[in-house]
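Below you'll find the structures, each written out as structure tokens.
Next, two complexes with chain A in common: one pairs it with chain B, the other with chain C.
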Partner chain A sequence: MFGIIASIIDGVLVGSVYGLAAMGLTLIWGVMDVVNLTHGSLIVAGMFALYLLTDATGLSPYAALPAIVVGGFAVGLFLYWIAVHRMIGRPPLMSLLSTFSVNLVLVGLGTAVWGTGLFNVPVSLPGLTLQRFTFPGTHILAAVLAGVLAGCLYAFLYGTRLGKAIRAVANNRGAAELVGIPTTRVLSFAFALGAALACVSGMLIATLFPFTVLSGDAYQLKSFVVIVLGGFGNPAGALFGGIALGLVEGLATPFMPVSWILVIEFGLFVAVLVARPGGVFALRRT
Partner chain B sequence: MNDVMLDVVSLGAGYGEVQVLWDVSLRVSRGRVTTLVGANGAGKTTALRAIIGSISPRSGHVVFGGADVTRLPAHAKVERGLVLVPEGRQLFNAMTVEENLEMGAFSRRAARQFAHHLDRVFALFPRLAERRRQLCGTLSGGEQQMLAIGRGLMSNPELLIIDEMSLGLAPVLVHQLFRALKTLKGDGLTILLVEQNVHLAFALSDHAYVIADGRVFTEGSPQALATRPEIRRAYLGL
Partner chain C sequence: MRLPILAAIMLAAMATGAFAADSDTITIGMTTSQTGPLNVDSLGLQQGANMWRDDVNAAGGIAVGDKHYQVRFVTYDDQSQGSRVQQLYTRLVVQDKAQFLFGPYSSGLTATAAVISEQYGALMLTAGGAEPKTYELGNKYLYQVITPAGGYLKGAVEALQAHNPHAKVALVYSDDPFSKAVLAATSEQAKKAGLEIVMNESYAPSTTDFGPVINKIISSGADSFMGGGHYSDGATLARQLYEQKANLKWISILVAPGDDKFATLGPAALGVTTGSQWEPSESYKPEFGPTGPEFVKRYRAKFKSDPDYHAASGYAGGLILQHAIEQAGSIDQAKVAAALDAMDVMTFFGRVKFATDPQHHGLQVAHEMVLAQWLMNDGKLTRQVVWPKDAASAALLYPIPAH
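Right, the complex of A and B next:
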């Protein structure tokens, strides 16, 4: 019995990192109605950034976090101007196609440089043992960092002038322009912020599991499941969505082979889309 | 000759293939209230959009405070004090009353005196102060219009342009809003109004333009216009 509870708790710890990843995706969707299909590549970029930084410097993986936030932000700005800017206000299919193509280029580049082999970032952190079950220290710390970053995002969006401007642009872009908000600059900033969140979550995932250049797809799909659970365009909901997904994973793991987990997750995805298209934790959007 | 604050010269504008506005020229004098009247679909809103920069003019010039601002994006015009309260209010309905007002003061020119302007708006519309923490979607139509005007005032305008302020509102509220505009005029604010309620607008205005089919049909002082039979019939319902 305790094994199942422990598995659920561990699932929730990991799920909060999925929530952080999904926050990046849903922030971009909520602000500019763009489904960012480079999301998976950004997650992988965070993983490899961590690998390279720790490999080169020998520093603790967590010391790489600020550098990865800054790097992810810069990459996001670049992606916004090459792949997204001209698609703003056009039908969603346009940005879907353009980010999809850029994603293919990024995956191709990654494959050319690193191949498709398995990579691993060794992290030594003591775990927390309760009865016969040990919660890995990396899982606990990743969950704490994901929670802190989610809190920071929330405080930024609701407590600062720029954060409020992002919400205003999301709410009514035309009106935002009329009150003097430079909406294009705000859009590029929001995209870059979403990209930075994806990179950081990739970095945290890399402290948990081994990864390859092709890992992005699976985590991007998880982000979609989380967004559907948490409500479209709602960054606060994404964290809860991630925790819910982790809970489901934790609950399923003791009972079935790992290959079935994805089946369960996408079954859930479809069920939620059909039953509650706005998401389980959706805030009412006026 | 008055001090001209806004000088619109031969403005042409439209949407896609369709041209809506031809050769519209108008002037707004400092410290005065100017009104545009005209039938539905005449092109008044389009003219304001082209002036503010929500759509780009196809021809002509917009000169504001002596500088040509025709090609400036809307947000840059706000920074110079050219502010539009748009038709249909266009509030941030997922944000609170206070946040809407805060966003009104986003520009650098307005942010400096945020507290001062907030006091002024709350003095003008005490109802907004009572509801400052509410989501603006929960306000009544009249309160939403007060908030739209309040948000415009938060931008610290040199010229406040208001499009169809009284549309869909009960007469009591319309009178209340016009009283507020009178106060603002008394404080020396320059205002450009687009208004269906021609009686009240004329009573407040110093100068008026009649727009018909995308062109300036005629202009003059409200008193002079109100004596002309064709205008009385078309716009004053007399």
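Right, the complex of A and C next:
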């Protein structure tokens, strides 16, 4: 019986990291109607940034977080001006194709530099053992950090002037421009913020699991499910979406063959799309 | 100014044309996964094959009667995708006029390539496709150099039975053709050996977190684990089994522990076993070609890295084809095929012999795998052969120490 509870706790812990991973994607989607297909690559960039930083400096992995936030933000700005800016306001297919091609370039570069072999960042934190089940310290800390970062994002979007400007642009770009909000600057900032979130989630995932250059795809796919569960364009909802996905994984595993998990996940994805096309925690858009 | 450039281009074109049509050259076609998830293993396979080609050409080529044929490779990137394999093998046969083919890496891609090689009646040696089903379709032109999937964890079952005849085993593996074929055979072997199977499940290859799966393993009461599939999932399983203190006495994982980078998992790697087609410490007495230590030494000098079993099987594939051509005394497909059918030889890679009955034609029946285990040696993790005992380079660690 406790095995089921353990699975649920495990699911929630990892689910919050999935949530954080999806937050960047849904922020960009919500603000500029761009499906950022470089998202998976940005997650992988976070993983490799952590690997390179800890390998070179011998620092604690968590000390790398501020550097990865700044680095991710800079990369995001660069990507915005390279691949996204000219696609704003054009049909969604344009930005989809443009970010898709940039993603191919990034994956190709990664493969050329690191190959598709295995990388591991050794992190050791004391875990919590209950009966025969252990919850690794890295998972607990990652979930806490994901929660804190989601809280910071929420506070930023709802408590600061720039955050309000981002929400205003998301809501109605024309009106935002009319009241004097510099939309281009706000858009590039929002994109860079989304990229930084993706990199940080990659960094946190790298403290949990070994990874390869191609790991991004699996998390990108998961992020889409999370977004649907959490509501399109709703960054705070993404955290709940992630936790919901983790819960489903944790709850379903003890009761059915593991190979069914993916069927359940995507079954849920389709069911939500049919029942609530805007996502479970959808924001009302005016 | 333009004239010399034009002349140079024409000369180059003529030179290439002349080379392609050179009757003293044997063209071998293959695809490799230079990009995509199969890149690591495929690279090993390709480097092994390249080294064989360079060795042959440096020694004057393949001797057929009093003629010597230089070996030329035509290689394309299949992007780890079956659809590309289908297009590219067709191109290799039809356009590039490859006389012989080497298979791509992985069971899935080999199955696809085999359709093309059979369709065109082109001889293909495969050193990267272990799943036996492809060789049980009555194919006539396909030859498998490596041990089929059923052999991957045979040693693990035997070794585990020897140390704990009442072991409770959890079989958890990736839902792909290769892993499924291996574990289906392992399940049979374990049942025959009297081991108890307490869990037998496959997971989607894209699985990222094994936390709930490991809790299920713990709940099942298993004390041994066999499974995995590829790199990330295998390594993640090993790391999570350790971090979640599953305290299993035995862990066998496919493929991932065969990579030297598996050692970066640190304590999570200790005691993990894997079925290996070949390990550098093996010391067979080859009838032709390099000895094991020679191969390792020259591979290191050439590629600045240690050869894994993919590299060894890639080289062995070339060696087998060369031997068959020399035995046949001809590059005629039918004669070379007859030589391959009659072959029963020992190389640095081990013994090689192909099934000749029509139903299993080309299936590898003689090559044997070993069981390798990650052990602590002078404070450093190294992979050692631990089973079968007569091939062992170190004593088997059982049980894996609890932590």
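The working rule: the second predicted complex is superposed on the first by the 278 of 286 C-alpha atoms of A that agree within 3 Å, B and C clash if a C-alpha of one lies under 4 Å from a C-alpha of the other, contacts with A are read in each partner's own complex, and residues count from 1 in each chain.
FYI, a residue touches a chain if its C-beta (ideal position, glycine included) is under 8 Å from a C-beta of that chain, and two chains touch if they have at least 3 such contacts.
All of these numbers come straight from a predicted model, not from anything done at the bench.
Bringing the complexes onto one copy of chain A puts chain B beside chain C with no clash.
When the two structures are aligned on the shared chain, A:G180 is found in touch with chain B, with no touch to chain C. With both structures placed on the common chain, the touch criterion links A:L262 to chain C but leaves chain B unconnected.
Shared-chain residue A:R276: touches no atom of chain B or chain C. Of the two partners chain B and chain C, it is C that touches the larger number of chain A residues. Contacts of A:G3 after superposition on the shared chain: chain C is touched, whereas chain B is not.
Of the two partner chains placed by superposition, only chain B is touched by A:R161; chain C is not. When the two complexes are overlaid on their common chain A, residue A:N172 makes contact with chain B while staying clear of chain C.
Distance between chain B and chain C in the overlay is 37 Å (nearest C-alpha pair, rounded to whole angstrom). In the superposition on the C-alpha atoms of chain A, no part of chain A is touched by chain B in one complex and by chain C in the other.
Residue ranges on chain C touching chain A, taken from their complex, read 35-40, 43, 172, 175, 201-204, 206-209, 211-213, 215-216, 218-219, 231-232, 235-236, 239-240, 243-245, 256, 259, 261-262, 264-266. Contacts from chain B toward chain A in the complex involve residues 52, 54, 73-76, 78-79, 83-84, 86, 90-95, 99, 102-104, 106-107, 110-111, 135, 137, 151, 154-155. Contact residues of chain A toward chain B in the complex are 161, 164-165, 167-168, 170-172, 174-183, 285-286. Put simply, chain A touches chain C in their complex at residues 3, 6-7, 10-11, 13-14, 108, 111, 115-120, 122, 127, 129, 132-136, 138-139, 205, 208-212, 214-215, 217-219, 221-222, 249-250, 253-254, 257-259, 261-262.
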